[in-house]
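Both complexes below contain chain A, partnered by chain B and then by chain C.
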Partner chain A sequence: MSIELQQEIKIDESFYKVKEIRQLTDETFSLRLPKSRFNYRAGQHISLGIRGDYQSREYSIYSGENDDHLEVLVKEVKKGYFTPKLSKLKPGDLVEVSGPFGKFRIDEKKIADHKFVFIASGTGIAPFRSMVRTYPQLDYQLIHGVRYGNEAYDRHEYEQERHILCTSGDKTGKVHGRLTTYLKKASFDNNTQFYLCGNSNMIFDALEILKDKGFERDQIHCEVYF
Partner chain B sequence: MKYHLITLGCQMNLSDSERVAAVLEQMGYVRTENEEEATLLGMLACSVRQKPIDKVYNKIAQWNRAKDKRNLITFLSGCVLAADREKLLKQFDLIFQMSELAQLPDMIRNYGVVNAASLQAPKPVMPKNEHIADLWHIKPKYQSTHEAFVPIQNGCDKFCTFCAVPYTRGREVSRPSEDIIQEVRHLVIQGYKSITLLGQNVNSYGLDKNGQEITFAELLRRIGEYGQTSGEEFWVYFTSPHPQDMTREVIEVIAEYPCLAKQIHLPMQSGDEKVLIKMNRRHSMDKYRRIVADICELIPQATLFTDIIVGFTGEGESEFENTVAAFHEFNFNMAYIAMYSPRPGAASYRWQDEVSQDVKKGRLHKLSEAMKIYTRKYNESLVGKTVRLLVNGTDRKTGFSTGLTEGKITVRMDRKAPELMGKIVDVKITSAADFSMSGELVLQEETVNS
Partner chain C sequence: MNSTKKRIAFKTLGCRLNQYETDALVSDFDKGGYEIVDFKEQADVVVVNTCTVTNQSDQKSRNMISQAARNNQGSVVVVTGCMANNYKETLEGENKITYVVENNRKGSILNLVDAHFGGELLHPEKLEADVFQFNTVDKSLHTRSAIKIQDGCDNFCTFCIIPTVRGRAVSRPLPQIIENVEDTLANGFKELVITGVNIGRYEWEDKRFEDVLEAILNVPGDFRVRISSLEPDGFGNRLVDLFDHPKLTPHLHLCLQSGSDKVLLRMRRMYDYNRFKNLVERFRDKYTEFNFTTDLIVGFPDESEEDFQESLNAVSTFGFGHVHTFKYSVRKGTRAERMENHLPEKIKNARSARIRQASEENRSRYLSSFIGKEQTVLIETIDARGYATGYGEHYVPVRFKGKGLQKNTFQIVRITRIEGKGEQMRLVGEL
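Our next item is the complex of A and B:
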């Protein structure tokens, strides 16, 4: 007589298998994870760890609330500690996800009668893609500052007239130069809500420009990348 | 069987240590302050700065040397980063998260015995608080007979760039409100006079429960209502709130109920908009200003405390001057000012610590001087007035009793009155200094008879 033993293997529910990696440029890629049990709001972020490592980093969620996967946007920092490890992940590898966190979100009550201006540098576009995918009715403008045109990640997803690509290193964008140069010249309606995401220097400069234009601090929402 | 417990860091760790003590004493251990006579040696670590973690490494090296002479079991809990936990696992006999405290007796009994639990896979890097309720169910062994801490929430979701708490304590989890109110009631019945609701972000209380738990304002209201019916005089404080989640309703409730202490600790960290963004504080100076305006309007008698970091990365002279200006604007009654030091595990640890130590010291001194103008002015405004005072200590030099006002300002009394320890009495303020006052006991019939 033999007794069949069924060993229960409990995988911690914070671990996710990498579903897909989309290489967007030489340095930038997106990680897609199964969405199944993860609920989030557009604009929120997660803490991401690699199994067996002892550090984690925060990433804004790149996918929309209704997408069938959870996606983050990563730019590899060649001499960094964490992103080179992320860049080596393959489908099936386990990552650890904690969250979602944060209140960098659209106030749904304002969607009907407000305009939204999203200002991003580099991978700071991530929460805005999530918002645009989640709220198709948004009256938005996306001002995206990058060095080269190939860093306009998934640009085909945005309506052309709403997407202001500012490229400082080539002339492939609608605007040649930094996004702050565009921002200084641009005019916006009084009922605009501004969302800023990216490195702190861009946020400082953009914040000053918007305040100089007379917008209240409460209309300006900031998410700094660090 | 004796145990020795070292607690490093904040009030949260102190509160946790009361629960560790309760568990160990239920096992039959007796506390000793002399570690040489203990057979169980434990530490509650703090990862907020490097210094306490260095102390953990030094102490465990010392304890492991002592193992040559006697049988010892060592354990570690508290705030420990994953990288440190991995290194320290080899040195401590037991390392556990506070949420696993209920299992500590089993861990001690089974120490050295190979069993299924000891063969489990490594735990996730990011601490999880799913079993934190087990910790809250443990009745603490309070270290004071009149002042107590009541944890209401654990963990942090805010990710301030200077802080590692989200990586050591995990995400925010709120304790059931019924448990909190019951513990407060129990303390009041036991005669406690000062009760502090504790959490990393107390006013985010309930938000993690998605509508299944009451808000922080409602929690305060229910405690306030209990205070109305209890017939006891006691003061309930809370620390620390985050400006992001501070509402006018919270301040309205504090104004309404006498047992909710008229003292608010509202960490500002910097008075400069850009530094706040770099710190990822997620609130503007305008938001902070509105909260203080609400406090001044609704609770004009309240004292206002804050936390400040000077010399954070990106804080130049002009940014620092904005913090100085904020001191002149808000007239804090107390500011806990820290010189920035990069904390391992925090995001800012990866940035250059660009402000020199001398400049940080200079800024700390300048802010302290600015603060003194207003602390003294406030204290002087009370001279000649009679205030309620919780007698809670003894002046080292004179041996006279000391206490705290409801606003948490220290008052030195004019006499030795050990019989009043833990009681709230009337004191007439006779003189004021920068950070304290002196006062004489107002003898009342109940005081004379006590």
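Our next item is the complex of A and C:
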């Protein structure tokens, strides 16, 4: 086996052509890549690079395990380094994918007799869309905290009664205010598995609230973005 | 190759995994007909096994490379280890370095050097890439040998460069591990240290870390087993119960990193303070003298005085036998590099000094608790005056005197006092 051949295979495996870009708000978009041989579990993330740039960033996988593309949801951070570059990508451009990584996953054995509560801020909703699309039988509730109602990305995909949108900047959500305000008042069954994803401040506050309600740390799973 | 033996020297920086890998290389070269010499001596080949975990380790690695090249003009200088991965291009551009070999090809350095002296200039990338390629160590400077069960990590803690330089988590198949254990024991080692980058994440077929541990403990022979360093997530009572086994030493290096839940979240650690506490308590309920040692990072971006105080309190609450204190330093390409509110050196220094002091007080308290008790010491060195030193089962350093003592044997020692200060503090005992 020659070394040249090995390298060729490697490049083929890790570089993907952008298939489609869905602009969801002014700042947020999704990148669709061909899934080809890439296997992942709902909730995992990938590391994404742009050809010719030495930096990379992690993104939760937004698509379900059985979808025919690999999709990520990205919010452009105006002062950020990477996302302004990502936002300039066009279909046909090459991105580098490595992964999948992470243990932020559903324990399939628990699906039959547990409830699942997903708590997300902003683009932290990404792994939950993947989970909901992958496990149609999941008994879940999705609590999504955003500033404005238009950030409820792909909201029509969730059953209305399972989707609790908390908007802190306008009154379009089911709940007006932060998701933590909602959490404090809400009650959950004992057999609930909690999944928290997004920024660390939200996760810290939500964890405290859940622990105060008597839930064990073992039933709370966290994915911290920043 | 010439009829006279080529001389080779090694220098290792950083973690136990690196040490293990150097030991395996030493064995390889010994078997391959090379003469192993001290790093200070003149050699035909010098291998520097580098570390890049902190800025200080980068600096130390650089110094060692320069020293190796300076002392051995015209010799072959091979640079490997994590720095070789992290700064490959820069290092390859340096004239004083002959070869830069990445971690996954480290096991093939003998082939590279043999080829070099045979007149064939191989590019290191042509070497076989396999992180478990190392042969069993049979000639080493130690009485303890590491058993590598795993490599890589994909936890991506926000301060850590290791996932980038060591790559994805891979586990060595259990049958290979057992074979390696049997060979190592056959070579006379009395203490095995289970090693890897994140060994708690071992996953091969349906086998997990506890299964590997149990299988190693069940290998027949007169030896003991130590666990090198463990991330405190995901362990149940099975791990606690395994310590009932007489071959497993009552010591764990359990990395806490911070006592503040806020900081732990921003570090992307997978546990919180209470989980850590719960694990420690489960052990101490069963084994009161169990030795916990740990790593703490001080001065992580945005660490408040309150957060720091929680780390400081943790030192005494958990009564760590030793705390490895790291002053936070930026590693390029990590998530923490991009965080806001990096703290000034002055604050980091002051906090680090406070942790050190607390840690020393603890250590003295912990070591004193052994006075009047017994430790089974594996002798590592014996000096000219007949004083032997080694570690007791609790991973406490012990010095004692005796007649006809032999290296690499177990001795039961009654502890009489402690001596020394700070890191040098140790137990003194008698037979």
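Everything that follows uses one rule, which is that the second predicted complex is superposed on the first by the 214 of 226 C-alpha atoms of A that agree within 3 Å, B and C clash if a C-alpha of one lies under 4 Å from a C-alpha of the other, contacts with A are read in each partner's own complex, and residues count from 1 in each chain.
Note that in this section contacts are C-beta pairs under 8 Å (C-beta built on N, C-alpha and C of every residue); 3 or more make two chains touch, one makes a residue touch a chain.
All figures in this text were calculated on a predicted structure; none of them were measured in a lab.
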item: Fit or clash between chain C and chain B when superposed on chain A; value: clash
item: First, second, both or neither for A:F226, with chain B first and chain C second; value: both
item: Touched partner set for A:Q55, first chain B, second chain C, both or neither; value: both
item: First (chain B), second (chain C), both or neither touched by A:I203; value: both
item: Which superposed partner A:F15 touches (first chain B, second chain C, both, neither); value: first
item: First, second, both or neither for A:R217, with chain B first and chain C second; value: both
item: Chain A residues touched by each partner, larger count belonging to chain B or chain C; value: B
item: Which of chain B and chain C A:E96 touches, first, second, both or neither; value: first
item: Intersection of the chain A residues that touch chain B with those that touch chain C; value: 55, 58, 101-103, 200, 203-204, 207, 217, 222, 224, 226
item: Chain A contact footprint on chain B (complex, rising order); value: 81-83, 86, 124-126, 128, 157, 159, 161, 166-167, 170-171, 244, 273-274, 277-278, 280, 282, 284-287, 314, 347-348, 350-351
item: Residues of chain C touching chain A in the complex; value: 125-126, 154, 156, 168, 261-262, 265-266, 268, 270-272, 274-275, 333, 335, 338-339
item: Chain B contact footprint on chain A (complex, rising order); value: 12, 14-15, 47, 49, 53-56, 58, 96, 98-99, 101-103, 200, 203-204, 207, 216-218, 222, 224, 226
item: Chain A to chain C touching residues, read off their complex; value: 3, 55, 58, 81, 101-103, 200, 203-204, 207, 217, 222, 224, 226
